[in-house]
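Two complexes come next, and they have one chain in common, chain A, joined by chain B in the first and chain C in the second.
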Partner chain A sequence: MSETRILNRAALGELIAALTAAGQRVLAPVEDDGRVEFREVTDADRLALDYVQTVTSAKAVVFPRFERMLRFAMRGKDVTVEEVPPASPPTVLLGAHPCDAASFATLRAVFTWDSGDAYCEPKLAALTVVGLSCARGDDFCFCTSVGGGPADARGCDILLSALDEKTYRAEILTERGRALVDLAPGAFQPGAGAKPRPVAAILPRFAAAELTEKLPELFGDASVWRQQSLRCLGCGSCAYVCPTCTCFDIQDERSRYDAMRVRTWDACGFGHFTLHASGHNPRGKQSERWRQRVMHKFAYQPARLQVLGCVGCGRCSRSCPVDMNLGEHLERLAATAAGSE
Partner chain B sequence: MSHECGNGHNLYVPYRMRVAKVTAEAPSVVTFRLEFVDPADAERFDFRAGQFGEYSVYGEGESTFCIASPPTRKGYIECTFRQVGRVTTALADRDEGDIIGFRGPYGNVFPIEQWRGKKLLFIAGGIALPPMRCVIWNCLDLRDQYDDITIIYGARTVADLVYKHELAEWGARPDVTLYTTVDPGGQTADWQGRVGFVPTVLEQAAPAAANTIAIVCGPPIMIKLTMPVLARLGFEPDQIFTTLENRMKCGVGKCGRCNVGPVYVCKDGPVFTMAQLAGLPAEY
Partner chain C sequence: MDTLQTFASAKLAAGEVKIVIGYQAGSDATRARPAFVSDTAEAASLIYDDRCRQNLAVYLLKPEVRAAGRAAVVCGPATLRTLLQYAAENRIAADAVVAIAVDADGTVTELADLEAVETHVARQPRGLTPEQQAEIDRIDALPLGERWQWWSRELGRCFKCYACRAACPLCYCSRCITDVNQPQWIPVAADPLGNLEWNVVRAMHLAGRCVDCGSCAEACPQGIRIDLLNRVLAREAVVDFGVAAGVSRRKDYALASFKPDDKEEFIR
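On to the complex of A and B.
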């Protein structure tokens, strides 16, 4: 149902105001203390749409870093268990790049395969994604190696592409996108405009499909993984900024009479992630944990859920305190796999 | 198998369970018998041998254990655990009458229907008898469906043997062959069983492999040393079952902890044949 409209930058304030008035929570990239992050906005004043990448991803919109699940009230031996209703207000994610838009397919696959998830699914159902093609990328971006691209529309309900400094072409891609336009009809003008400006040039560095096929053969080559992970501190930064990492922990927090069961992000790079009560650890070495991270995203999830666990956003590499670069690591793995034939 | 915990749509809401009976098994090891607080939960709850669940102390957290009682005994479930961390310490502090949480059953099952007419050889070490006790009792409760049943169970010391009363009961049954053993140095003056490691006792017992299913569960070192003995006795990898106990949080294939190669131990396991495990990375 691709239909197009023109959205003037000057009309972004009107768009946000109309959406807010219609009960939508609008999240958009905002510059705050030198970092661009997705934040709730009620006007266009703080929008930072010329950003390359936010530090953390958009996944928290549907999978928060910390989420209350259950509340327990304890009175002596009596306990009442109360569900904490998931906070899932109608939400518009405005100005997310195609990598973030694509990440929701992976999140959806994890949280809905086999059994559903009462916390994530309502948030996915309440989300409208207004994507924004990337005018610029940087050396960490590798979306085109993992099936995406700077103007890729997957996961978007509307995709904005800059026509010039003052206007976007808005491609309406889904019913949900159409419904959003209907909430703010005055902000959108008819027309398609001229040819959009060129998007960022992100050159493919490896072929994800080949990597997926070859990785299992490299599993047993300890030297490959040792070399790959020599620098890794196991700090978990990569997982915390990743748009598709879904590993989580469930913990209880309590006071004298009340307690909460909460779900928090976790990371397969942490040594205690798989540690058994007996002291045995199935992935006791950092190299084994790095291998798990790569295998899970590029071999296991494609095999199991038919999705890649990576959208090439490059956040892990930008945030890594020891400059591990996932794009480079994957490029090297792909080359090793090709050479080991 | 669908998850019908709590209100039926949020699987993270645990069933409320009353601790009906506490049994001290060994140092720091206890068995809880748990009954559903809500009779409607008891009515709809169903599980099969091999499945596990998440047991919670409200305000302390959840721990993963198998269901140690058989589905043939209705109205309750049992779990046996060692007190080692925050949750199991809080759990061990519960008294009879206290309310705890349970969600499950999760995971696959021992295919005991396919074992009909076969001999069964159970081999367990230490705290790994509980995941096997469920299937042992299940098969003993359907005794006429199976040929010879042999149980080899070892622990570090006599005190560390769990289910001592049931070991006595199995030992007294004419239709069960039971070998109990303790590690050298772990015996007491009045110890009637064997002294030696489980693989050694297995070698001495030398059960025939023909028409036999072996179910093995124990610490990694016991498994490692038991496999070659079974191979020498003629057991093929698809005749040998085990149950894995990877660390878990969600129990439903999402939290990522029990991922081993393309499988999730919580969904595709915990029961595997050795033939299946041979195709997986040894990350368990």
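On to the complex of A and C.
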């Protein structure tokens, strides 16, 4: 389904108010201390819709940085175990760029695979995505190399594209998008408007499908991975700002009398990520961990789950303390793979 | 700038070092990236300018870099201090590394051993810039409740990626206390308690050892000013113990030394 409406910038406040009144939690890009991040909003005052990219991705909406799963308590000889039900309030993600919208397909593929995930699935089910085409990009963006684009509608229930300074065209793409319009009918005007403004020019740098096909051949080429990752410090910055990184850890903590089980983000760049209890580490070198990061996203996930583990948002590269530039590295890998034929 | 490149190239050509750890131009005009140069032709790509703020000494303890052989390191003032602190903590041998010192005015000097590094560091200005001091004074001057709010807000952004730890040359424990879970000393969740404990514990473990390179705050993807905690604790360590980090290759550092004539009763 696809029908169009007009959404005036001036009506964003009305839209947010109507959604909030209908019990929806609205998350949108907001500027705080010079940084744009997705935050809960109840009005349009702090919206920062002209952003290029938020520092952290929208994944925390369905996969928060930590989540309590169980509580334990011991009183004398009595032990109680109490499940903490997953919190999944109905949520609208407003003004996310197409890369973030596309990331939910990867998150869904990972968290619904096999037995499913009791914590993430209800949040995915309660989420409506109102995407926003990108007017601007920067040199770190490479969405068009991984199947996306600055006006790509995948993952959006509604996609907004700027017609001019004051007006968006709203493409209603799903039933969920239609339901959202019905919650705030006054905010949307009929019509499609004239041609939307041009979106950011993000030139393709490599072909992801070819890279996926060729990567297994590069697996054993230790020098390639070493050359790219010698400067890697082994922190989790790239994984934690990434919209599609899904690795987590589960730990029990606090005291034996009052404890809880928490799930937290984890990162394959950490040296202890694969450390066995025996002391053996199958990925003992940083270059092997970097290779895993690339292989997982661009070879293993496409093969096993039919999705790429990357949407080309460029956050990992913008945040990297040592300027590891994923787009650049992938471009080199693609060229190396092509040259090895 | 030519001198830096010529130095690097000459050291490699003479076989004195196997690798030069320096900086190359990064992804854009605001970024430099660490470079590991092992052949003379590559030395021409080395740069040193305002972008080159990362403390490269951190790489001297990395097994993958160590495996490359004896190294020369391009050093700003803080990196030189790190070499001395490394020696004081028995991390590097006296002749393990050649320092290529770049002063604030761009002068390049080869420092062949740690004695030369010590002499060079002694000639450099120390202490905080007026801007750095003003920043600390501003937070110090806040009433307790507001100061608590400021730090709660700042540390609230922490999501425990440990980029601060990874970028810090003095955070070299092979098993960090925050990764120990039998017992679990530091709460793992990136919640207010977990974030406070992690950042305060890290700052305490660096008290009297931090050389004030600022790499922790530079590395933080969330822009958290953890360098301020370290800077204040460095000041406290000097006040309480008379020990500044990174001035001597032989100095004991405050929290790991014991003196029979310590002024405190409890420790004797």
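We adopt the following convention: the second predicted complex is superposed on the first by the 338 of 341 C-alpha atoms of A that agree within 3 Å, B and C clash if a C-alpha of one lies under 4 Å from a C-alpha of the other, contacts with A are read in each partner's own complex, and residues count from 1 in each chain.
Operating definition for what follows: a contact is a pair of C-beta atoms (placed from the backbone, for glycine too) under 8 Å apart; a residue touches a chain by one contact, two chains touch by 3 or more.
Note that the coordinates shown come from a computational prediction; the quantities given were computed from them, not determined experimentally.
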Chain B versus chain C as contact partner of A:Gln251, first or second or both or neither: both
Which superposed partner A:Glu210 touches (first chain B, second chain C, both, neither): neither
Partner chain(s) touched by A:Phe66 [first = chain B, second = chain C, both, neither]: second
First, second, both or neither for A:Leu230, with chain B first and chain C second: second
Partner chain in contact with A:Phe273 - chain B first, chain C second, else both or neither: first
Touched partner set for A:Asp33, first chain B, second chain C, both or neither: second
Partner chain in contact with A:Asp182 - chain B first, chain C second, else both or neither: neither
Which of chain B and chain C A:Val241 touches, first, second, both or neither: second
Shared chain A surface residues [contacts with chain B and with chain C]: 249, 251, 253-254
Chain A - residues contacting chain C, complex: 33, 35, 55-56, 65-66, 68, 139-140, 226, 230-231, 233-237, 239-241, 249, 251, 253-254, 262, 264-265, 267, 270, 272, 285-287, 317, 319, 321-323, 325, 328
Touching residues on chain B, where the partner in the complex is chain A: 3, 6-7, 9-14, 16, 56-62, 82, 84-85, 88, 97-99, 101, 219-220, 245-247, 249-250, 252-257, 259-262, 267, 281-284
Touch list for chain A against partner chain B, complex: 69-70, 72, 74, 77-79, 81, 83, 110-111, 113-119, 219, 246-254, 259, 261, 266, 268, 273-278, 280, 282-283, 288, 292, 295-296, 299-300, 303-304
In the complex, chain C residues that touch chain A: 26-28, 31-36, 54, 58-59, 62-65, 159-163, 165-167, 175, 179, 181, 184, 187-191, 194, 215, 218-219, 221-223
